[in-house]
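In what follows, structures are represented as structure tokens.
The following pair of complexes shares a single chain, subunit A, combined with subunit B in the former and subunit C in the latter.
On to the complex of A and B.
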């Protein structure tokens, strides 16, 4: 153990490696419900070369290696289930290149969402990236690699779909470039080459350590607005959402159903955010959105909520900082959510069953759905709060999450960034040949089985 | 432990690591050390674990707690309205627990010892305390309108003394009625308080209050925002109620009488908000009013200003204990790089600790030819006829 510590010190310097109880305690857990697993070392590399050296050392010594960005996934994916090293990637946070002409940015994987947002605002005010509602210290790498979604997902799909290419340190230590950057100085797209990015997307750090990535940028419009369409019958939601999305005006469509604040209770609220180059264009877009749901307005089964300007400002905030505060509903400091990727037509049962689970398990809840693409699918979220200081309450939330994962799979949805038990449930439902292929790929890429072991295992 | 009930309520979302713009790390200790443990939320969770005996008392835990600069960025930017006000108080209370246990870093116990024995952290004789004023012809306090309180840095630190002389000289020039305590002055205790030594702080506060009351002091001008904070917000707890002004507030009043006369060659200045004037006391305007009153001075704000200012790294006792350490990621060096990026020729400060920290950082970054650190009074003096 000491020898490995010394090797790590040689690679990253004494300041950036720890085997102390304090770091071992903190990096053993995340803000969600999953039980802690302590690392033996926490290491913070600064360059791709350092990552390579660490990976090679882990390979030689057969030590588990778990990459971590913000550690904010909530489902415990960067806890080292079998000990070993946690690789905190946040020192690798440089913004390397913005290509205005082709609208992309190349960043190191540990660059934070907030930092990129601020950088673009200052240096390229006409461009923005699709920011998730995760706290802004969450990393670009961590979010793209789990197929995150965010404030431009109605326009551009999952964040993994906005990925143009990446640089990765393979589990055996080689550096590979994926996408156009493998054969060109530009990071403009993943086509027309064989798309190897899939080897690293959705794998929860089990196939390599991504060190750089390029993501698409979108126009940052000077005029922005948000409308909230309110309904009382979840059965209506799929058609309404489809109509709203297919106008191709919205940047983000987000439904939310929550017992708090009081005025929202019992309703399904659908936020539609959009931007424009001019005031006239904004008005036109607002009219198009209204027009798309006219039949519902005429039947008086849905309507746009009047929004005072200060409320609009709050709803246009990205990320939505108030989301994190759900953790404090019962002064308990915790929440976790099942994010289920599923077709929009499942909205009503997804909602009803979520409500049933939350109410029967007596957990404080907040439900909702972010629409991905032109209603091509949605990320339906079931957030349950718990009191971190009360183990019984943590367990209650955990049970509600387990029930929800099972319910989602039963319905035909798939839990996203799933906890390890939910990964096992997914694998059970998965075509056996698919899982066999996953294992074969993994065995080729990671012959020693060092990368985030315990994940995607039956 | 006081505030123990909020420790588990921290979600470790990390908003508190950042300024409002999210542009970069704004918690000085997290910026320097980068382990989650050195972030505000990390400290909250570690304290909970320590109270629950899940982790032992260790030298590292001590370093983690005492490298916090008490800058208040976490209080400002935590997104949990119901307990954000107490995030730093919880960290201070945690330090207090370590103090009570006698488990503090050596440099911290040395600091307390020096205050105990000498009444100042420099271990210099109290008799020398008034030496900074030599040759200025300042009067001892005897019922003038104001007491000018120089504080330890203003009395003993070379850079601080220079600043104290500039401020006192200026007050004198402008006919402000004030006196000083000289050798009778004692540490204001703010750092002792921030380092969790509540008992020693109370002793110091009571001593000073008695001295002030004996002398008939009603109004106090402080050189340091740290003293301003302690006397304004904590002395009243021990019945020490005074009208306290930071010297910038007196300057602003003097200057609001009209544009200052003097040199009007163009000068670009950027201003570094001291945490104890800014975030802890919400005064962002006054120093800017002083600058605005100077002819030819143009203010070029840093990206991180006002509520978002990056601390110089000298708060929470770190000016003396330096548990934050040096290097390119130390917040003082990051800060002067940010100041230089504005294109300003002068980095204006309003605190003797900031002056020293940032001046050293300018040297470490080899920026001497581009950027000069000047306190507000020095600037006013330099621009006056």
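On to the complex of A and C.
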């Protein structure tokens, strides 16, 4: 053990490695409900070369290695289930290149959402990236690799779809580049080469350590607005969402259903955020959005909330702070959600069943759905808050999450960034050949089985 | 449930049907207006019920004070001719519901009622309001807003309780019998709507404008004239109490503000557009707002002054984009007193 520590110190320096109980405690858990698992070492590399050396060391010694960004995934994916090293990527946070002409940015994987947002605002105010509603310290790498979604997902799909390319340290220590950057100085796209990015997306750090990545940027427009469409019948939601999305004007479409504040209970609110270069264009877009749902307006079964500009400001914030505020509603800072990727047509049953679970389990809840693409699918979230210092409360939330994962799978959805028990449930439903292929690929990439073991295992 | 005090005979004999022929938003000649009004009187459906933008103006246009607007709203509700989509209406009803959080409090005159805008408390300061007690919150919300939502039933249900709250929690316990209505809506509610709905008001409502006039007169020596052209955004509720309009002129005179003649003021005033947006008619709201702002700009106004906080919030950005300063009337008076302003 001591020898490994000394080796790590040699690689990253004493300040950036720890085997002390404080760090081992902190890195053993996340804000969700999953049981803590302590690492033996926490190490913070600064360069791709350092990552390579650490991976090689782990390989030689057959030590489990768990890459971690912000550690905010909530479902415990960066807890080292079998001990070993947690590789905290936050020092690798450089913003390496912004290509204005081709609208992309190359960053180190540990660059945070907040840093990139601030950097672009300052240096490239006409460009922005699709920011998730996660706390700003969440990393670009961690989020893209789990197929995150955010404020430009109606325009650009999942964040993994906005990935142009990456640099990865393979579990055996080699560095590989994926996408155009493997054959060109530009990081413009994953096409037209064989798309190897899929070997690292959705794998929860079991196939390599991503050190750099390029993501698409989008216009940051000077004029911005949000419409909030309100209905009280979830059965109407899929058609309304489809109509709103297919106008191809929205940057983000987010439905939210919450028992608090009182006026929100029983209604489904759909926020449609959009931007424009001029006020006239903004008005035109507003009219297009409105026109798309005209039949519902005429039937008076839905409508846009009349909000003066001041009252819209908080709905235009990116990231939105509402979920973060909800996260601490029971105090004690416990918060987790099932994010279910599913077709939009399942909106009504997804909503009703979520409500049933939350109410029967008596957990504070906030439900919602972020629309991905032109309503090609949605990330339906079931967020439950709990007090981490109250074991009964934690257990209640855990049961609600388990029930929700099972319900989602039964309905035909798939839990996103699933906890290990939910991963097992997914695997049970999965075509066995698919799972066999996953295992074969993993064995090839990671012959020693060191990468985040315990994940995607039957 | 309290019956609306209107006299059908007056309408049957009416020759000019001002309520509809003068409507700013629905084009009707005299004959069409008569036909539509007869339908409304008979409790039948009429295009008016569906096209009404709920601007309140017909309440002012009726020379007999026979409450045509309240009748329209009653009929809209009876016939489910909802001006605003149903979920939005229900949501607003939930949002503005009494919170039951009120606690009895000793107050002393002058008592300023901020209604459902307690967040404007910062504007109640300085010499104009020295020694004032401030009250407000959803439990004191005058509820007149439901006229825009075809929900007179909510007014009938909630308004008497609000009046009781005002009396039981503040006025009676403090031996105060006057209430300064910061918002024109409250004054309209307590002096005109409540009697029309047969609801008793046991205190004396005083309009903010009257209060300001009195205070400014007392402080006359300290006034530094504004010396600028000021456009006034008349709130829809002022249609219920047009007799209060002269106070605006008096305030302007006292603070040395110039009120240029505008096309859209007085009986011809235009709505701020918020309720038109609630009725999902943004195109109409845009057009109304543009005419209104063009008119303010055309007379060279430097300020646009508001009484209604909702008009203020709706129009302030657009007013500022046109190079004018949007401001609440109390704040404009405070500027004249050399106090700067809050908003």
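Throughout what follows, the second predicted complex is superposed on the first by the 457 of 458 C-alpha atoms of A that agree within 3 Å, B and C clash if a C-alpha of one lies under 4 Å from a C-alpha of the other, contacts with A are read in each partner's own complex, and residues count from 1 in each chain.
Keep in mind that, in the parts below, a contact is a pair of C-beta atoms (placed from the backbone, for glycine too) under 8 Å apart; a residue touches a chain by one contact, two chains touch by 3 or more.
Not measured: the values here are computed from a predicted model.
Aligning the shared subunit A places subunit B and subunit C next to each other free of steric conflict. In the superposed model, A:83 lies in contact with neither subunit B nor subunit C.
Of the two partner chains, neither subunit B nor subunit C is touched by A:198.
Centred on subunit A, the angle reaching out to subunit B and subunit C in the chain A superposition, using CA centres, is 70 degrees in steps of 10. Residue contacts after overlaying the shared chain place A:454 against neither subunit B nor subunit C.
In the superposition on chain A, A:265 makes contact with subunit C only, not with subunit B.
By the touch criterion stated above, A:349 is placed in contact with neither subunit B nor subunit C. The gap separating subunit B from subunit C at its narrowest, counted between C-alpha atoms of the superposed chains, is 18 angstrom.
If you check the complex, the residues on subunit A that touch subunit B are 15-16, 18, 20-23, 25-27, 30-31, 42, 44, 70-72, 88, 90-91, 112-115, 117-119, 121-122, 135-137, 321-322, 324-325, 327-328, 331-335, 387-389.
Taken together, the subunit A residues at the contact with subunit C in this complex read 230-232, 261-267, 283, 286-287, 290, 296-297, 300-306, 308-311.
If you check the complex, the residues on subunit B that touch subunit A are 8-15, 17-18, 21-24, 33-37, 42, 45-46, 49, 54-56, 58, 60-61, 64, 79-83, 303. Residue ranges on subunit C touching subunit A, taken from their complex, read 82, 84-88, 90-92, 94-95, 97, 274-275, 277-278, 280, 282-283, 286, 310, 313-314, 316-317.
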